[in-house]
Amino acid sequence: MNIIIASALLGVVLMLSGVFLNHAKGKRTLAIFASIILMVVAVVDVMQNTNNTILHFNGLMATNSFTAKLNAVIAFCSMLYIFLFSNEISKVGLNDAEYFALIFFALTGVFILTSYQNMFMLFLGIEILSIPQYILAGSDKRNVKSNEASLKYFLMGAFSTGFLLMGITLIYGATGTFDVSKMALMGSGEPSTIALLGILFLIVALGFKASAAPFHVWTPDVYDGSPTAFTPFMASIAKVAIFAAFIHLFHASFAGLAGRWHIIIIAIIVLTLLIGNVTAVYQQSVKRMLAYSSIAQAGFLLFAVYSLNEISQKGILLYGASYMLATMSIFAVLIKMKDYTFDGFNGLAKKQPVLAFAAAIALFSLAGIPLTGGFFGKYYMLNGAMQNGMPIWVLIFAVLMAAISVYYYFKVIQAMYFKTSIQDATEPDAVIDVPFKVMLIINTALLILLGIYPTIVTIF
Amino acid sequence: MIFLDIAVNSKPMDWFPILLQLGIAVAFAAVMIGATQLLGPKRKTSDKLVNFESGIENVGNARQPMAIKYFLVAILFVLFDVEVIFFYPYAVNFRSLGWDGFLEVLLFITLFLVGFVYIIKKGALQWEE
Amino acid sequence: MSQYIYLVPLFPLIGFLIAGLGRNVLGKTLLGWIPSMAVLASFVVSLLIFRDVQHMDPEHASVVVQIYNFFHVGNFSVNFSFQVDQLSTLFLLIITGIGFLIHVYSIGYMSHDEGFGKYFAYLNLFVFNMLLLVLGSNYIIMFIGWEGVGLCSYLLIGFWYKKKEYCNAAKKAFIMNRIGDLGFLIAVFLIISRFGTTEFSEVFRSQAGIVANGPFILAVTLCLFIGATGKSAQLPLFTWLPDAMAGPTPVSALIHAATMVTAGVYMIVRSNILFTIAPVTQHIILMVGLATALIAATIATRQNDIKKVLAYSTVSQLGFMFMAIGVGAYTAAVFHVITHAFFKALLFLGSGSVIHGMSGEQDIRMMGGLKDKMKTTYYTFLIGCIAIAGIPPLSGFFSKDEIMMHLFTNGAYGKVFWALGMIAAFMTAFYMFRLLFITFFGKFRGTHEQEHHVHESPALMTMPLIVLAILSIGGGLIGVPEVFGLGEHWLKEWLEPILLKSELAHIYINELSHRGELLLMAIAVIIAFLGIILAWSVYKNYDAKKQNKGIAKFLEDKWLFDEAYDNAIVKPTFAAANVLKTNVEEQVIDGAVNGVGKLLHAASNRLRYLQSGMVGFYLFIMVAGIIALAILLFFIH
Amino acid sequence: MPIQYYLYLSLALFCTGIIGALMRRNAIVILMCIELMLNAVNLLLVAFSNHFNDASAQIFVFFIMVVAAAEVSIGLAIIVLMYRRVHSIDINILNRLKN
């Protein structure tokens, strides 16, 4: 629980550093330091936790070893994120300290979402996570695209908040409680209409945040328009937290009614995989392709919502970790590029072998090639769903879509390794120093480690 | 979770005096306005129909873009104003929450003040550059 | 000794890391020899393990060595563990043995290439993945190796990436392999859903409850077979293999002849118990194998690129292996894998030596008369050709003969299949000797510059050729049929513990008598000789420009059958080759693959209009989605 | 009064908000429509609170109001930014990001 307080207080400290510190470098160092503190707190939380579920704040929150592990994985990825992107974050605009502060505030929301026990906190967590993201999306004030991304994100996000609240209220009307663990009684008998409507609205709202089709439309535009320094945060850490919340809610509360809402989840999974993968094929810009690929990846994460068993719980840890690391890697390379189109990557392997290698491993992982974390992530997801009796055609469809994804991921690899270019692919004033490369290599090594020894995240 | 005893345990009859007072107030205002309309003399001139602005002649349209400063102050006001909502439940349960509650509210106010310090330092409330 | 099995894949992995990280630091000598020595070390360990397995009681020789627990969820767990038994040790020897020879050869062949270090790193990575594939004790590890070799093949085909068509070849190989992998993956999921495990031993043990020819086992075996068609270049996914010749020639020898392409055969032999209870699938495999063998052999008769001939030949030989699997003759399939690895690696390396001597020329019409200039290469190549054509007592004869024997005795239509197989074997002899005669006989047809430059390859390259030539000659000894009275069929005995159940299930409809067996062999040898003679008659003095005159000359030589041959066999074959090449391969198969790509692009193009950029429209999509889901929830369930 | 009446009223308000958000192109009006949706929820929460005799829903209402205020202030800031850039608050003016 300490981690929620820690991230909020660190956010406040970073916010104040904006008015009390003048050096850009000082602020950046402070942010890096803060991310390390967060990681330390997360590790302490893991060591203190036993397998029992402990309630906090009069039962509003609950932690156990799983949430502690998830928090630690997320805190670790946040640390990597700050390490890899702090240079670029300060370059986005004038209010550099505020960007770091907003990231930490969003992280507070993330940690609330991983361990809430009351729909009240679900709502607060989602809002605390989303509102900073609306600002971050629009933080490049000189850029119309950033404005547009922010407006779209905000309008649609606020719209989906309405559905979230209506869903929560209807469920409350059906059960008389906001407590997630007490709603499990709902399994008995035919559910009331308002309960079903409430579940539908919750699927809509959480599906929206998780960018599941048909509520995904904001994703490409927002990820494309936002400053590239913030897109990986939105696409990885925020996304994983939303999925953790999604799964926790449906596992604890609505598992008894699974027979009724499974059909919706299947429809959403199929649509998400189809739209994400097929549309990504057409894209010319790597950044936009990655936005679609994040939709496609969400399709795989949704399998965990269907299965709701132990495998999927571990799967979300593994898939989440490998997905976050891979997204971080590929964006860390992308942000150094001059040209975001596929041709912009031509000949990168010759000029910047470390960057190209990191990007290649990240793309392998996203595509689910074995010996990278992504393979076992996908494997856990499909296996978990299969154990829970998912129709086999959905699994076959998912494997087919994963095969399509190879096509567009490998376009980047092909450009990097099998094409040549006279010009430098990277931005001339991009900082590609040794610490950056070291971080990138660590990131890549972890991705491979997850592919060789996946138990490392599931056992700890 | 904090419980609002009054909201839950009161019966509709308990609210009757308030309703009565409200009714009398509305009726009084209505009677007074109606009476002046009926009793007062009426002479309409063009000068009288013009908006009264402390004797100064009005110019232009009221729907003009305003300086961004107004907007900023207005937003900040809304934010701080709405936060005060949380004092209502505290006020209702002031006694039963005791010192623990007091300390928590103090913490809340401290966070509030940190925000305020930030705004001041950032210069958001400075009217002139 | 078996517990040291982890050393076998470990050495190439270390070699990969050293070569990969030190490719700009270390000198060429070290970069070449360290990876080669790594593979040699693996070979030595494999040899020791092989001896160990040999001396053990065959029933208990199969050992599963667990390295660590991959993951463990509930009662489902996957181990990172290796299976040491008769089948895997046999493949270990082939992979590391031939791998080592090809590594040594590469040091000479690639000596002038700027990507020397990268090349050896990829090569070692390939060996590592191939060893994983063969050693894995469950389908997951096998799949990891399976994907890994595909990836390395992709990297090595596109090794000379500056030519665009080479990149496209790499991409084509990868995509076709992925289609196959899809089938494999689905099969793995089906297996998990039914058995709750992927360990070979447990799956095969609990196979007993499955209804033979039931929908489940058919689905599993067909999906596995789809995986095999991708990796082993069978119809309809074979077109990537000829294109894959864009890679360096030693790569073609190692990956696209000796090891990776036989992974499909290995996988099916490994799962032979599943296939045995799915005779329908076996029948499909037989058909596919036969068709592939015939079509590829036909196309091979008309190719002018030295490597393309060998590539189609590989496809055709793989077809023979699948035919063997199709009739349940798993021993014969493994036997042919082994002998084919010897002589096809030899032929590829020989062709590499020729290309090296000709400064990169691959068109056989530009060669000719090389037998005097490149003696070692010529003699070893000749041995390879004799071996593949099936002339006793070279290795190819025994393995091909065993397949033919099983075809002949397989059911009522066995003789038809046998006859068709014989046609393919005839064409094999024909196109291989056509290649030999055009390349090494006659007059030199290249430029003067080339003629001046032609030289025998260095010893580093010829030594592996000689070793492989010896193996090609003597390799057949591991499976001499009992009819020759030299004792038992060694390979059959060796694989007995693995194939026992399948062999018991396989009923030979009409067992051949010893005389019948000898008769069939005689026919096979005669047919092979006929093929060679035909090739000799047409191509002895091949002249690229005046081919007709050459044939006319033979007529003058009173070769009375020539014209008859020409009209009855040569011309129809060539016509068929052209038709198959242009219509079947380029239009139907490539067309289908490209068509899928086009369909995808078209679909993508349609779907992108959803993303209009208007927030109002986005909100509308969202609400429409909610209404649709509500209908789904409340009215359809 | 039966709880259903509140439910119907609130859902009607909610749908009004949705339809408003769909029909209008003015960003501020859409924002108001979204607020209407939130207020529909507030109404329903208070009704349920009374129905279940449970005050926690009323606390929830407070939180919704506060969060909505925060959200609106961010939203207005974004809209001001947009107005300064394109001199319009029509949501469909900004459509550079598309396929």
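Order as written gives the chain letters A, B, C and D; numbering starts at 1 within each chain.
Methods note: a contact is a pair of C-beta atoms (placed from the backbone, for glycine too) under 8 Å apart; a residue touches a chain by one contact, two chains touch by 3 or more.
Note that the structure is predicted; figures quoted are calculated from it, not measured.
For the criterion of most C-beta pairs in contact, the winning chain pair is A-C.
Computed centre separation for the pair chain A/chain D is 26 angstrom, with centres defined by C-alpha atoms. Separation between the centroids of chain A and chain C, computed from CA atoms only, is 42 Å. A separation of 21 Å divides the Cα centre of chain B from that of chain D. Mean C-alpha position of chain B lies 82 Å from that of chain C.
Residue positions of chain D touching 2 or more other chains, listed in rising order: 18, 21, 54, 56, 70, 91, 94-99. For chain B, the set of residues touching two or more other chains reads 1. Listed for chain C are residues 608, 611, 613, 615, 619, each touching two or more other chains. Interchain contacts (touch definition given at top) occur between A-B, A-C, A-D, B-D, C-D. Chain contact summary for the complex, chain A toward chain B: residues 12, 15-16, 18-20, 58.
On the side of chain B, the complex with chain D involves touching residues 1-5, 7-8, 68, 71, 75, 78-79, 82-83, 85-86, 88-89. By the touch criterion stated above, chain A contacts chain D in their complex at residues 120, 123-124, 127, 131, 134-135, 138, 141, 144-145, 147-152, 154-155, 158-159, 161-162, 165-166, 169-170, 172-173, 176, 178, 194, 220-221, 224-225, 279, 282-283, 288. Taken in their complex, chain C has these residues touching chain A: 68-74, 76, 80, 140, 143-144, 147-148, 151, 155, 158, 161-162, 167, 170-171, 174-175, 178-179, 181-182, 185-186, 189-190, 192-193, 597, 600-601, 603-605, 607-608, 610-611, 613, 615, 618-619, 621-622, 624-626, 628-630, 632-634, 636-637.
Taken together, the chain A residues at the contact with chain C in this complex read 151-152, 155-156, 159-160, 163, 193, 196-197, 200, 203-204, 208, 213-215, 217-218, 220-221, 260-261, 263-264, 267-268, 275, 278-282, 309-311, 314, 369-371, 375-376, 379-380, 382-383, 386-387, 392, 395-396, 399-400, 403-404, 406-407, 410, 414, 417-420, 452-455, 458.
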